[in-house]
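In what comes next, chain A is part of two complexes: it sits with chain B in the first one and with chain C in the second one.
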Partner chain A sequence: MRVEYINPFVEAAFNVLKEVLDENVKRGELYLKSTSQPVLGVAAIVGLAGDVEGRVLFDMRMDTAIAIASVMNSEKLEKLDDLGKATINELANMITAQAVTKLHDLGFKFDLTPPSIITGENMEVTDQGVEALIVPIELPQGKIEINVAVRERT
Partner chain B sequence: MSTVSVTIKEEAEAKKQAELIDYKMVTFSLGGKDYGIDIMKVKEIAKDSEFTYVPNTPAYVRGVYNLRGDIISIIDLRLMFNLYVEKKKEGEPENMIILRLSNNILGVIVDSTDKVVGVSSENIQPPHPLFGDINIKYISGVVEHNNRLYIILDVERIFGGEEELPEEREEKAEVEEVPGYPIPSEEKEELDLNFIADTLATFKGFYVTPVNYDWVKSRFDEWKGYRKTRNEDIQLRTPEEADEFLLSFYSPYTEELLGDDFLDEIKKILPKFESKTLSVWNPGCGKGFESYSMACLLKTLYPESRIKIWANDKDLLNITSAPNLIFQPENVPESLKIFLAEGRNGYQFKSEIKDLILFEFHDILNQNPFPDVDIIIARDVLSFLPLQDQEKLIKELEQKLKPNGILIIGNNERLTEYNWIPVEEAKISAYKRKLEE
Partner chain C sequence: MKTKTDFPTINERRPEGLKEDGTPYKVLVVDDSMFVTKQIGQILTSEGYEIVGIAGDGQEGLEKYKELYPNVDLVTMDITMPKMDGVTALEKIIEFDKKARVIMISALGKQDLVKKSLLLGAKNYIVKPLDRKKVLERVRMTLNQ
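Up next, the complex of A and B:
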């Protein structure tokens, strides 16, 4: 993945999560992956197009998703209902949008698709021909893995 | 993130273990388990299928064997320890380890011999009473290395000791002929070299393979003499010593811009490019010195062409500093100086150069999703990949390079074993693809 793209995503994730959760946010070591990866249970996907093609996936466990949605709505949610899902979607949207704004300032033009959310057990994600950058973020509610797979349009 | 902290922990542990390698063993497998024998007890490794049967001996004595004139007895360790014996076909050779014990020489048959493994003797733990297959008194310890558990056999106990094994009688006759039989220097040397190769991989991630064997061999000879004059052991005991060993491996202008002389050499071997677009792949570009140098060179030579350089590295820190690298003008070769521009923080290359290069955080062993290229520059990259990955990358280079393209590898690297033709006139290590007719 193009070096210039890395920081905007890392910074956006860090800033947005810190702002909405008002908690101690820690970033793990970044790494690359190209094989199929398990999805933890709740995955929000935002597609990217423009100078690049690809997608950003926000991956977390169900209990993490519920805890985050609870904090963001200031009420205790019991399960990931429509409100919870909308909240996670919004979080994904906020982070990606902020990253794309930063990239725009650097001169890269990206468009994004509306986020979709996928939940279920035992899922895997595979990207043909693209390697994914994994940005692990550790929160008191659990961990979120931000999985960015984009490639240059050739 | 837990995975990250685990890997860091593992790395730290591996580092700690790597610091003191003072016990070397030859490893092999018996009945699907890994075993080791102290390298000082091993004379050599051999393969043969013909043993002369000796009547009236226990079943585990396979017979006697003529080892370059010395008759030694051959014992099947699997039968001796009641392990499963894989039936060999007629004439298929058995794997033997020839042992040099304090009072005799004998051979043992094992399923397969593996390699020489170096460990710290501190990490060897006493055997656990539950190791089923082999009587505990024959085990001198267990040790873990690269996630494999090796059971270290005490061969002196097994074959020496009070227990008069019947086959020893025959041996004694010949043992007297060869007291203190010296290890032939060639074999000793091979073991030394193998062990150095092993430590280079552990300490520096440098893998000895056909790509760099010639250099390693000659460096080994030089190193031997050097260490002898200083009265030091030939083996590499610390990462610093491994660094010292590898010092002369690195190609000229590693971690700096390519000098004018080097650029001239590249200029000489560049083929005639028909197309108006020129693409270059620079895997393992580090901080991007090679990429900048190539960009300037090509811009000078082909000002009209559309030049694109794909530069990638999997070291996040290095690659992220590449796009904004600052240079000191006095360190920049003459021919590149015209492309420098002074910015806020110091001298950088002009954007006409920067825009030619695409720096990517990318692992080349994953898929490389860009079009075929005219030039590949991958100096001292192959040697830092394990053999399997090296071969994978060599194939990948072959697929990605256009038929008339050129590949530049490290000065001490060779691709003669592979499908590549060296560019003879070059003073640098350059190759062309061997095209099928």
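Up next, the complex of A and C:
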């Protein structure tokens, strides 16, 4: 998978998280996985279809999701309730919108699905025939992994 | 010592959400995200605006506008929504009330739809992520137009 697909997502995540959390955000080292990977507990997934196809996953632990949603709502959430899920959904929306604008400017044309939020323990994600590029982003609330698995449509 | 008079007010500024007669501007918020409606609601009510209605899609937004009319001063309208998108809802609201004041709420990357909305009669737009300053400024500009 070409790295130019993931960079816009990482940049966008960096910008949006910095803006909505008003905190220090650190980018970790990029790594590649071709096998199934564990999902951390809360994942927002967005599908891409067009010149490139695949999916982007914003993956984090439950406590991280609750802490982020709490900051974004300026109130302490005890669990990831409907409001919390709507908040993480909106976060994924804002990041993908920014990333896709960049990718469209680079000449890639594709559509997006609205984000879906998946929660649960002991989950894995498997992408047949395409490896995933992962960039962890470190926040005071924990870590968000930007996990992109896309390929050019043949 | 007890005093019978009020403390002098040190903040003479009238909250932006109040008209000159002291009554609040009435706002209808149309957005399918509970997070965004809450965020807009908090920002606007903190300045004295009154949220008179919330709608989760364009169709409901249009119906609520007709129901509330003429007691609605401003609409915030998301662009991407189920059932009826924000641009269509805007078009129908303007059809119903040429003087409607609608602000589009957009994610980045929807420049074409924002442009279309402005041509259709939207008064202004705000790009997410929303922050207090940005929202209040655009709302104030729109109401003062």
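Heads up, the rule we're going with is that the second predicted complex is superposed on the first by the 153 of 154 C-alpha atoms of A that agree within 3 Å, B and C clash if a C-alpha of one lies under 4 Å from a C-alpha of the other, contacts with A are read in each partner's own complex, and residues count from 1 in each chain.
Criterion: a contact is a pair of C-beta atoms (placed from the backbone, for glycine too) under 8 Å apart; a residue touches a chain by one contact, two chains touch by 3 or more.
Only a predicted model underlies this, so the values are computations on that prediction, with no experimental measurement involved.
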| Fit or clash between chain C and chain B when superposed on chain A | fit
| query | Touching A:V16 in the superposition: chain B (first), chain C (second), both, neither? | reply | second
| query | After superposition on the shared chain, which partner residues are touched by A:L83: those of chain B (first), chain C (second), both, or neither? | reply | second
| In the superposed arrangement, which partner chain does A:Q98 touch: chain B (first), chain C (second), both, or neither? | second
| said: Looking at A:E124, would you say it contacts chain B, chain C, both, or neither? Reply first, second, both or neither. | reply: neither
| query | Taking the superposition as given, does A:N73 touch the first partner, chain B, the second, chain C, both, or neither? | reply | second
| Rounded to a whole Å, what is the shortest Cα gap between chain B and chain C in the overlaid structures? | 25
| request: List the residues of chain A that touch chain B in one complex and chain C in the other. | output: none
| query | How about chain A: which of its residues touch chain B in the complex? | reply | 1-4, 6-7, 26, 28-34, 129-131, 133, 136-138, 143, 151-152, 154
| said: List the residues on chain B that touch chain A in their complex, please. | reply: 1-5, 7-8, 314, 316, 319-320, 322-323, 358-363, 366-367, 369-371
| note | chain C partner, complex, touching residues on chain A are 16, 19-20, 72-74, 82-83, 86-87, 89-90, 93-94, 97-98, 100-101, 104, 114
| field | chain C to chain A touching residues, read off their complex | value | 33-36, 38-39, 42, 80, 107-110, 128-129, 131
